[in-house]
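Naming follows writing order (A, B, C, D, E and F), and every chain is counted from residue 1.
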Amino acid sequence: MVEYSIWETILLSVLGIIAVFIVLAVLMLFIKVITFVSRVAGGKEKPATPAASDKLAAYAKGSCGDVKLHNVPDKDAAMIMAIVADKLKTPLNELRFISIKMIGE
Amino acid sequence: MVEYSIWETILLSVLGIIAVFIVLAVLMLFIKVITFVSRVAGGKEKPATPAASDKLAAYAKGSCGDVKLHNVPDKDAAMIMAIVADKLKTPLNELRFISIKMIGE
Amino acid sequence: MVEYSIWETILLSVLGIIAVFIVLAVLMLFIKVITFVSRVAGGKEKPATPAASDKLAAYAKGSCGDVKLHNVPDKDAAMIMAIVADKLKTPLNELRFISIKMIGE
Amino acid sequence: MHMIRDIIFGLWESSGLAGIADPRQIIMILISCFLLYLGIKKKFEPLLLVGIAFGMLLTNLPMSGLYHPEFWSLAEVNYSDVFHSGGLLDFLYIGVKTGIYPSLIFLGVGAMTDFGPMLSNPKSLLLGAAAQLGIYCALILAIVLGFPGNVAAAIAIIGGADGPTAIYVTKILAPEYLGPIAIAAYSYMALIPLIQPPIMRALTTQKEREIKMDQLREVSKLEKIIFPIAVTIFTVLILPSVAPLIGCLMLGNLFRECGVTDRLSDTAQNALMNIVTIFLGVSVGATAIYSRFLSLDTIKIIFIGLFAFSFSTVGGLLFGKLMCRLSKGKINPLIGSAGVSAVPMAARVSQIEGQKANPSNFLLMHAMGPNVAGVIGSAVAAGFLLYIYG
Amino acid sequence: MHMIRDIIFGLWESSGLAGIADPRQIIMILISCFLLYLGIKKKFEPLLLVGIAFGMLLTNLPMSGLYHPEFWSLAEVNYSDVFHSGGLLDFLYIGVKTGIYPSLIFLGVGAMTDFGPMLSNPKSLLLGAAAQLGIYCALILAIVLGFPGNVAAAIAIIGGADGPTAIYVTKILAPEYLGPIAIAAYSYMALIPLIQPPIMRALTTQKEREIKMDQLREVSKLEKIIFPIAVTIFTVLILPSVAPLIGCLMLGNLFRECGVTDRLSDTAQNALMNIVTIFLGVSVGATAIYSRFLSLDTIKIIFIGLFAFSFSTVGGLLFGKLMCRLSKGKINPLIGSAGVSAVPMAARVSQIEGQKANPSNFLLMHAMGPNVAGVIGSAVAAGFLLYIYG
Amino acid sequence: MHMIRDIIFGLWESSGLAGIADPRQIIMILISCFLLYLGIKKKFEPLLLVGIAFGMLLTNLPMSGLYHPEFWSLAEVNYSDVFHSGGLLDFLYIGVKTGIYPSLIFLGVGAMTDFGPMLSNPKSLLLGAAAQLGIYCALILAIVLGFPGNVAAAIAIIGGADGPTAIYVTKILAPEYLGPIAIAAYSYMALIPLIQPPIMRALTTQKEREIKMDQLREVSKLEKIIFPIAVTIFTVLILPSVAPLIGCLMLGNLFRECGVTDRLSDTAQNALMNIVTIFLGVSVGATAIYSRFLSLDTIKIIFIGLFAFSFSTVGGLLFGKLMCRLSKGKINPLIGSAGVSAVPMAARVSQIEGQKANPSNFLLMHAMGPNVAGVIGSAVAAGFLLYIYG
């Protein structure tokens, strides 16, 4: 290791930020290639839906995710989705439900 | 360690598979003894029901396990078991319920 | 390290229990100071409700914590909190609910 | 065929069947099976005892090479040797030898402990001090029974009714006794509901046991946050030798109470604690090798341990009676016996005995104060003994 | 400007671009990408293969300094050097070298394994023995193909269809072959549904495949608790060299079955196992450095591995047919092939083939017996080979 | 009575009360309490700051023996000494010294990071590069203020707004400054919502801040899987010195995205990350021992750190303005400041400022692109500095 003078350090810093730009710019091109390649390769593949974990995070507080309600056999038997937010350590007093599907016995 | 010739290795292999058989055969006898002993010792004990974790695994996807419904005080207050399958990262749109018991306040 | 005689050990033990008393008595005073300070400092702050984890522990088996039920729009749509006790590995056949609040869509 | 004969003979020679040179190994295997029975069937602190018993089983099976006591009996352990030719349990034992496991267990214990009842009633701390009496009684008894000072001190700490503290002190003062001391400590902790009630009934009157106590005041969040910090500063200043234990206990408690590190508190209580519990159990069990374990000393330790637990209970109860007298009957002396630690079993015993005397009595939260204070009390006593004999 | 030129030149010199001295590095990077493809897209044991492939990628990128094969090829590893100048993967590799990772994986496997079907039908153990045939056939083939004995034994153990056992044996007998052997073992385990069915159909008749088996008797909790203890005592006595594997497998199973250590069982199966899986994967992958991996030996290993898997399947099936004959047609020979271990994939293959022959056939639980017995069988075979060549 | 006098005197002598030779220890204890206040009450990155402050508290309590700076200041650390006479925090510090903790934290960060927004808009990477400006400005300032080159470089990396990277670089270039640099890095990351908005408002016009951006295109799963592999190959080739950081970040991300290793991804994000966070926090805090921490240098570091964060923000914003101009007003320059990393706080600040200017503005996902690019940018800058000064 050499000790650089102040002027040398300034030069070095300019070089440094340029280096960061170059590497990230090449990465940018890389990504464009990846995008291109993956479109060609996985052509028919439809774009990924947001990852499940993201969804859960988005709906975290007391909501019930995108539950859908189908074939509910009896109006009297109303459907409630309960999020047991024990992991989230949030109070259990908020509840949102959208839809619940009951699968056949 | 000695280097064995091919013929010795063949002999050795025969010996090896026999050894495995002997050990596992003795283990088999062992288990028979264990079974016998545990029947005598824990005579009245009824056979273990499948472990809870197995049950959960079996019921994993969106079902509600063997929940039983008793003493539901009001028909209007229908009971729904919701499996919050966040750990399983499965969609929350399948729901099966068998029975729910409400414990007294 | 010195080896102490039996009589010395007795003396030492008396000293030891006194030491424990002194340290814990000082800690007691400490706590009184902390209590005083925190009352002055955080005067308005209301006392902590029991930690969430305690609550969960207390309600562990198949109950639903202190869920409150508000604004339930339809009597027919009864609300049930279901504790999916998979972590607790307890059977899912006990259910207690106190109150559920439905947040507005 | 010559070769086959050699191989079969060699296999036999290298097997543990030929290696059983000593019938004591068979005795040890039976003892470890008995400990498994206690842990599993009798539910004696199973989280540790099952691991300890299994480690003991593995270490006493001849030729298994899982643990080498000779590595650890040197004044200066040669870690290079350990890494080169150690067995699995030697590697796991490093965490005992360096004191990492007891400290991390205390991190989890801290994260699981609510010091609220103690903060609410600081006098609990005195009960937590009094219930360390058994430690010093046991120390004297152990000296009388001929143990050298350092070993006597390690045995005495069983009276603290606190597993990690006992392991921490023993691995410093008398590592060759780690097996029997740890087993005695955890077994008697499990036996608290049998050991304490007769003593409690003998030392208290029906009238004392019927005393109902006032409800505890609620403790503010601020107090709960300042407490672990203040205790750390104060206790580590006075007794630096138990800094790892107290430091970790209080850091865990701070993670719990500060409200912004829930995920750390959760991991300290669960994943981390369980991993360390598995490793601690089997590696402590591994030290219980037949050549050391099967000796008169072990029987003496078992005996002194029971003595220690009893006298700790007595200490707590007597001080409870004193506080009852001084408070003019506002304090139920039954909460004194909870000062032995053994959280939360001892507190539950107080609750049960109190309710037997007076069905409307609810002592649990009052007993939790001395109970958690007992953890600190044991650590303080440990620090004192480490200073004297360390 | 002189300085700038020096820096740019130095950056280039120190970069991996200049460091690619050998086109084999590029080949290795491509191979690791192919393994990632197999793991991710083809779902070949992804939990390990993704890590192995990524470790392989990292280790073959020039100058990365993450792994130093020269540290680990010494007869006596100099751990002081490793600590001072090791890379991340060197540190993680310590857990492989000391055998800690395979043991801890087996702890988790034990906690996940239900030995019930095997206890219910102890004859399964014989099928689990027969399906180790491939190990010995592979041993002979490896010797024929010119490998020295120790390497041949490490390669042969691929036929056990058990990743941790293969890694454990290889790191003792032939650590320089760890990369290809681990990759072959895990890849073929993933390929079980392709490898086995043709052999199964070739060796069994339609009538045999149609056999429906009686329902298994239920196993009491007591049996399930005694079993791991008894197996540990017995197997470690006979084959001390596999004590870490068998001991951990059975300790994990005891945590699972004893009913009082659920939190330990849970952690052994999840947090601990996942952590070790990550570390094991990348550090095993790191050993697959181009200078060693790209050789004729690797291709031979891949070939012998396939041979081993096939002959293990054959062994299990033939013994299954024998048992079918002896039991007068009560045992479906298809469950024999499940004896190779590869839990639970091989058992599922038996189920599928059975159902193809007879849609009302339900062999899964019957195949689970030989399947879990195969894990023990492989460990026993490993103990034998470790004795001979260790 | 002679003995008692000796013991009491000895206890006093050995206690920390007598050990407070230096009032700076008291100052350090107060500082650590202040940091606890910042972490708990002000929620400054509490997951790390609470641990750091507690480690700092423990290490500055006299005689605690938990951490021995003298072990770690040697050119060649003597690990044998560490194992024999180290304290708890020395053992935990091994993970810092070997670089294991920052790497494992990055594994978890990778598993938690969605690079989707960046893949969707690759130009984000340029903003992530521009926002490293503060690193180099800080480097110059640190040299001007008289720091030697290696220390200046370690200080400068604070401007990367990335804790693990700062710790990784500092433990290599200037380990004796680890305490203040880590504290500055994490504190300023927490202060992002205070530091950035004034700069953002000063450098952008109301009109620019009102710009609404087009919705991002969706990214295919294949892209998300190829991305971490490609980045690893490319970045490690160019800058081998940051291979552990980039490698782990990308491995974690691959676990997240590949869809077949969810349990590894979960453990990397939770159990493993939390364990490492606890260990990293206290052991980094332990390095902040009074004799080193209380110096003019620390004040300079705090000052340079603020300077670095500000100039990183400026760099991102100016480049954002340039991109706004070039794209003819399609890019809101506010997303530039998110390029400093500090995920996801900086992106949220962009969102908030954007919405203040135009309530219907929703910049969060657009800002996440530069935000995660900033993590890569910092690592690249770290690699450059490690090459120059390492």
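Everything that follows uses one rule, which is that contacts are C-beta pairs under 8 Å (C-beta built on N, C-alpha and C of every residue); 3 or more make two chains touch, one makes a residue touch a chain.
Remember, predicted model here, so these are calculated numbers, not experimental data.
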### Chains contacting each of subunit D and subunit E, listed by label
B, F
### Summary
Most remote chain w.r.t. Subunit A, using mean C-alpha positions, is D
## Note on the structure
Relative to subunit E, largest Cα-centroid distance belongs to chain C
### Query
In whole angstrom, how far does the Cα centroid of subunit E sit from the Cα centroid of subunit F?
39
### Message
Could you work out how far the Cα centre of subunit C sits from that of subunit E, in whole Å?
### Response
45
### Query
How far is the middle of subunit A from the middle of subunit B, if each middle is the mean of its Cα atoms, in Å?
35
### Query
Considering subunit A alone, which of its residues make contact with at least two other chains?
4, 12, 19, 76, 78, 80, 82, 84, 89
### Message
For subunit F, give me the residues that contact two or more of the other chains.
### Response
7, 11, 79-80, 238-239, 271, 384, 388
## Note on the structure
Residue set of subunit E touching subunit F in the complex reads 7, 10-11, 14-17, 19-20, 29, 33, 36, 39-40, 43, 46-47, 50-51, 54, 57-58, 61-66, 79-80, 83-84, 86-88, 91, 270-271, 274-275, 277-278, 282
### Task
Spell out the residues on subunit D that touch subunit F in their complex, using ranges where they run on.
76-77, 79-80, 94, 98-100, 103, 107, 225, 229, 232-233, 236-241, 243-244, 247-248, 251, 254-255, 258-261, 263-264, 266-268, 270-272, 384, 387-388
### Message
Residue numbers of subunit B touching subunit E in their complex, please.
### Response
1-4, 6, 9-10, 12-14, 16-17, 19-21, 23-28, 30-32, 34-35, 37-39, 41-42, 45-48, 51, 54
#### Entry: Residue numbers on subunit D that touch subunit C, as the complex places them
114, 116, 118-119, 122-123, 125-126, 128-130, 132-133, 135-137, 139-140, 143-144, 148-150, 152, 217-224, 226-227, 230-231, 234-235, 238-239, 256-257, 315, 373, 376-377, 380-381, 384-385, 388-390
### Summary
Interface with subunit B, subunit D side, in the complex: residues 3-4, 7-8, 11
